[in-house]
Amino acid sequence: MTYERSDGRKYDELRKTKITRNYLMHPEGSVLIEQGNTKIIITASVEPNVARWMRDTNNSWITSEYSMLPRATDRRKRRPRNGRHTPGRSVEIQRLIGRSLRAGFNLKNIGEISIYVDCDIIQADGGTRCASITGGFVAAYDALKWAYENRYINRFPEFKQIAAISVGIIDEQALLDLPYEEDSKVDVDMNFVMNEDLNIVEIQGTSEGRVFSRDKLSELLDLAEKGIKELIDYQKEILNIS
Amino acid sequence: MTYERSDGRKYDELRKTKITRNYLMHPEGSVLIEQGNTKIIITASVEPNVARWMRDTNNSWITSEYSMLPRATDRRKRRPRNGRHTPGRSVEIQRLIGRSLRAGFNLKNIGEISIYVDCDIIQADGGTRCASITGGFVAAYDALKWAYENRYINRFPEFKQIAAISVGIIDEQALLDLPYEEDSKVDVDMNFVMNEDLNIVEIQGTSEGRVFSRDKLSELLDLAEKGIKELIDYQKEILNIS
Amino acid sequence: MTYERSDGRKYDELRKTKITRNYLMHPEGSVLIEQGNTKIIITASVEPNVARWMRDTNNSWITSEYSMLPRATDRRKRRPRNGRHTPGRSVEIQRLIGRSLRAGFNLKNIGEISIYVDCDIIQADGGTRCASITGGFVAAYDALKWAYENRYINRFPEFKQIAAISVGIIDEQALLDLPYEEDSKVDVDMNFVMNEDLNIVEIQGTSEGRVFSRDKLSELLDLAEKGIKELIDYQKEILNIS
Amino acid sequence: MTYERSDGRKYDELRKTKITRNYLMHPEGSVLIEQGNTKIIITASVEPNVARWMRDTNNSWITSEYSMLPRATDRRKRRPRNGRHTPGRSVEIQRLIGRSLRAGFNLKNIGEISIYVDCDIIQADGGTRCASITGGFVAAYDALKWAYENRYINRFPEFKQIAAISVGIIDEQALLDLPYEEDSKVDVDMNFVMNEDLNIVEIQGTSEGRVFSRDKLSELLDLAEKGIKELIDYQKEILNIS
Amino acid sequence: MTYERSDGRKYDELRKTKITRNYLMHPEGSVLIEQGNTKIIITASVEPNVARWMRDTNNSWITSEYSMLPRATDRRKRRPRNGRHTPGRSVEIQRLIGRSLRAGFNLKNIGEISIYVDCDIIQADGGTRCASITGGFVAAYDALKWAYENRYINRFPEFKQIAAISVGIIDEQALLDLPYEEDSKVDVDMNFVMNEDLNIVEIQGTSEGRVFSRDKLSELLDLAEKGIKELIDYQKEILNIS
Amino acid sequence: MTYERSDGRKYDELRKTKITRNYLMHPEGSVLIEQGNTKIIITASVEPNVARWMRDTNNSWITSEYSMLPRATDRRKRRPRNGRHTPGRSVEIQRLIGRSLRAGFNLKNIGEISIYVDCDIIQADGGTRCASITGGFVAAYDALKWAYENRYINRFPEFKQIAAISVGIIDEQALLDLPYEEDSKVDVDMNFVMNEDLNIVEIQGTSEGRVFSRDKLSELLDLAEKGIKELIDYQKEILNIS
């Protein structure tokens, strides 16, 4: 490997990841996910109804909101309130999280509830959207379990686990799981969301002025598959899924 | 005591309180304060300038924002963004926190910086505004220390410690430090902010349709003084102030 | 008295106060209150329903809005419209007015109406929140009377009159009813809301960097009681309450 | 006259109109104008600068804002704050007032100030936009006089007095100065703004589904000229203009 | 004629005007109107219900929105979104368009639908509000026809065609149909809306600091009648109304 | 091919695409792009300065806004104004367009201007984001040419052409360039942005509850390369790039 990672990891090595279930007392599902220095509180709230356009379908829905505490990053950011609108970046990310989690559960014919997955970034050090998805799956799982045990839905939905990881290229070197320091000097930056079969749920490759070849895309896919497989295994472990 | 507290505390007993300093990596000051089940992340951010109306005064300023995560409480609340305005209650509270912390430090002639104290309620179980003040003092202290050590201000300001506590009356019984369950059935609800000399910084007595006599006010003051004294002692301990 | 008041009043003397009932033709209750140079138009509007959370309780509700005309003060202020949000100060004040007036009337089991008390400051010279409460009680009284006579409620509610006054300390001298000039140089600034029995409804003591002792609090309470008693008597006179 | 006016006026008779100068203590110009039951507080505020696009022109500017207190009319209206936008009707009216007043004064080469004319409707009974113009001229005159005497402008501008009146047609009968009751059943509704030479400054003829002939337009113009002449004379009297 | 028009037209000559019907595939009515260089896309959308205040009246309603693409004019303008409010000018214009079109159709007792007439200015070169009305009549006509053929209303409403034109005075010369270049140096600027009988629907004469005599008003009316007659004839031709 | 396209196209066939340059008179660059029934007006506006964070870098910037006319689609949508925020979908798309166009031009050291690329969807029938990019490249090219010829930048930037296309899978069949009808029943939906060397600029694969294998990704890439090559060739032709 030509590029030396400042935290000593190998190019294909995940950061240390820890998910704490039942982190808070009020929500139906809640986790603290820590991936390296990135820390996110994720709550999954059950509401016993769905938006108007879904009524009488007997389906449920998962939606997500993503927000940073003002000082999650190096510089304080103003809160998006009092007429200030949600930053475009947050809108993009929360839509991605929602779509990704909905791809994990078959919400058809289980009855009509809404799961609000709130991802609040306590400390940001790269990879917040991917960690929100990986941890969000666990929170949503717990909330759905609560809903089933309390008879808000008629059965626990079929599911395939969902996890996500960032990959990128620095100086021609493909790298797995980028912290902020790498993210800011990367030539190409991709996020992959996959399910437990390593089928693709979402791809977002967003360069800023750079381009990459089809071969490099293939290399990045290999890395992503490796990382996501490890995250899926960790989810299985903490959720006691055999 | 006629009224039995469901958590077994005596009428004049504080909930278990813990302040973790340097809770986050980015902010100049940051604490996690836990008071019973109430949990608040407080960050104090230094910005090397002041609002226009304060320029060329050589004074600094402390301001505060108060916010709840959507699921800090029993029911999920919508975020105050995209034109939804900050709830009136939050506005009132963050103004109180700001005034209280400014009363703790003599910010005159130390140079011009702004300290933003962000209080984000992770889990609410009563007393969030008071805990924000008690913990906010510690975060602001650490931020000012950072600012002094990094020469953003020319000296560490003179200060008097500040702490706050709620008191109330249920069935004629005056009580110290109300959790949500008590807060919701209280006849009178007061918040006292005092400094380390037990001089009064702020009093907020807000009844909802009830009234109370001057004698009861005196009894509540006694309780508040006891609680605040204990919190001041705990602050001294964790800040190593002799 | 060490401190000489520029308007020649004694330290415990109210400003000349005048309440004109039925000031406007449309509202169910309306007054112009003049307290010294402070002038406020207060209207109390009856709406024959209550907010969703109160439906089917058979209770009524009083709420308040507080606003300044752009040129009520020495400098023109921009209107809080077109996305500009209500100033924090106004939010705090209108919540105080609402709570205070609700403490004056027993709105239970009289049927479901809402009273909107709009306090529009025409000219500000200190004490606007207190005058809004003192005058607002009269406007709300008249609106409730109208509602009873027009059978929107099934009986006139039991009530205790409500009035409010500001007190403060300048150069150690406690003073009653502060005009703007005194308000701006006061060391401590408190507002008391009491009912006709001189029981306390609300206390707001908001210093800006100053503190005060428990003894001073007692002295301020004495002054407030004297002022509120006089305002209660004046209300009785103009409302013909014996 | 086929149509009997319920207030007993002749078809070409103005309502009783009274302008009180110097109504408030803070603004540079302020009037209370009462026209029948319509009551408006108008303040004219001097600000010693102009908007960016006018800088370095040596010209001044007059702008206006128009707003109703929530209970100026028969039903309470919500305030246009917290993201609620200014009602379209208010926007239209305040732009009309601004243009009309600017047509009254030659603001070129007198130096750069802005006059904000705030028209706050205390009680509405028809004709509020016209009364705002008629009274606004007086308030702006006083503010410009203040600005000249205090040397914010280098001379008092040349001026032609400005006044405005509404006219309309009910059952083929042309009528002068419509109160709300007539305004709501009128077939055609026009507002004329003229200067003291009875030259036309603005015409707004806004029907709602009705049309009118060129002959009727001529008849309405005759009425408007009569009414505006009387208002101009009254302005002269109270401003001591010979 | 003392004033030479830079585009070679006579003082009483319209610009070349072209209306393309059925310009878009989705809306029930849609036109592109080109008047000189002014180009506007107008869509008329049928919605099968009316606002709450009109329910159960058996009447329909036409409303309008007016907007410019950011670069319809010489300088790019910011879009009125994310809390930025609709410019006052647009509000005024869209209210005018709505009232004018409603005067063209008798919407009583035809059933309850709403027609939204959206006027989006693609390229602005003067006269956009008048062209929006002239073209809007055609789009609304087509939408009502669609509504009748698809049985959303019980009959095609009675109507009188509506058209509008701007007139103005430069150097004492009255001129018909002003492009932007003339509009910007005009002494007086009027817009007339008339129906096919040349009865007046709306008059808006808005000067900016200038005034004009009653005689000039008469001269402008002559010009407007000539122009509107020609536009009415063109509408008849493209709508095949005999 | 198992799936029959209702418009008769082959699975790898683009819709008829037409770009009209210099579509409007005011903007520095402007095109109408028509791709099948999708029609978009794109303007590129030059502003002779950059945002604060880019000052003194000697670099230029391209940014984009994306918006639909209310009736671009089958149902009328409300405009995002007066406090209504930009829809999340629009935010996501306009960020994509901006990043894509910036990848086409080397804006470093050419001087400091901003290019605003406004994409206003006149008629939507699928593929609006991709057509905005393909057409936006031409508009931005023309605007940069204007800026160079008028000496706002010191040289025409180096560039690689940029184009974009949508691909998807229906019933296992990979398809190129999806109209709305196909887009709404697609199992997987991807957008590719590439440069003239067929290197990848952006990938967005957003499924809604579906997943796809790595093999299918490869097949979709083949299709996208074919379509983008044809669009690049067409751009060359109309821009006279050899």
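Going by the order they are written in, the chains are A, B, C, D, E and F; count residues from 1 in each one.
Here is the rule we go by: contacts are C-beta pairs under 8 Å (C-beta built on N, C-alpha and C of every residue); 3 or more make two chains touch, one makes a residue touch a chain.
Since the model is a prediction, treat every value here as computed from it, not as a measurement.
**Q** If you walk touching chains, what's the least steps from chain A to chain F?
**A** Graph distance in the chain contact network comes out at 1.
**Q** Chain B and chain E share one sequence, so how far apart are they rotationally when you fit their Cα atoms? Give it in degrees, rounded to a multiple of 5.
**A** So the copies are related by a turn of 180 degrees.
**Q** What chain lies farthest away from chain E once each centre is taken as the mean of the Cα atoms?
**A** Relative to chain E, the chain whose C-alpha centre sits farthest away is B.
**Q** Let me have the rounded angstrom distance from the C-alpha centre of chain C over to the C-alpha centre of chain F, please.
**A** Each chain's C-alpha centroid was found; their separation is 59 Å.
**Q** For chain D and chain F, let me know how many angstrom lie between their CA-based centres, rounded off.
**A** So the centroids are 51 Å from each other.
**Q** What is the distance in Å between the mean C-alpha positions of chain C and chain D?
**A** 34
**Q** Averaging only over C-alpha atoms, locate the centres of chain B and chain C and give their separation in whole Å.
**A** Distance between chain centres: 28 Å.
**Q** Counting only residues that touch at least two other chains, what does the list for chain B look like?
**A** Within chain B, residues 82-86 contact more than one other chain.
**Q** With touch defined as at the start, can you tell me which chain A residues reach chain B in the complex?
**A** Residue positions touching the partner: 24-27, 30, 37, 41, 43, 45, 47, 65, 67, 69-74, 76, 79-86, 116, 118, 120, 122-123, 125.
**Q** Can you name the residues of chain C that touch chain B in the complex?
**A** Against chain B, chain C makes touches at 83, 85-86, 88-89, 91-92, 94-96, 99, 102-103, 160, 190, 194-195, 197, 199-214, 217, 221.
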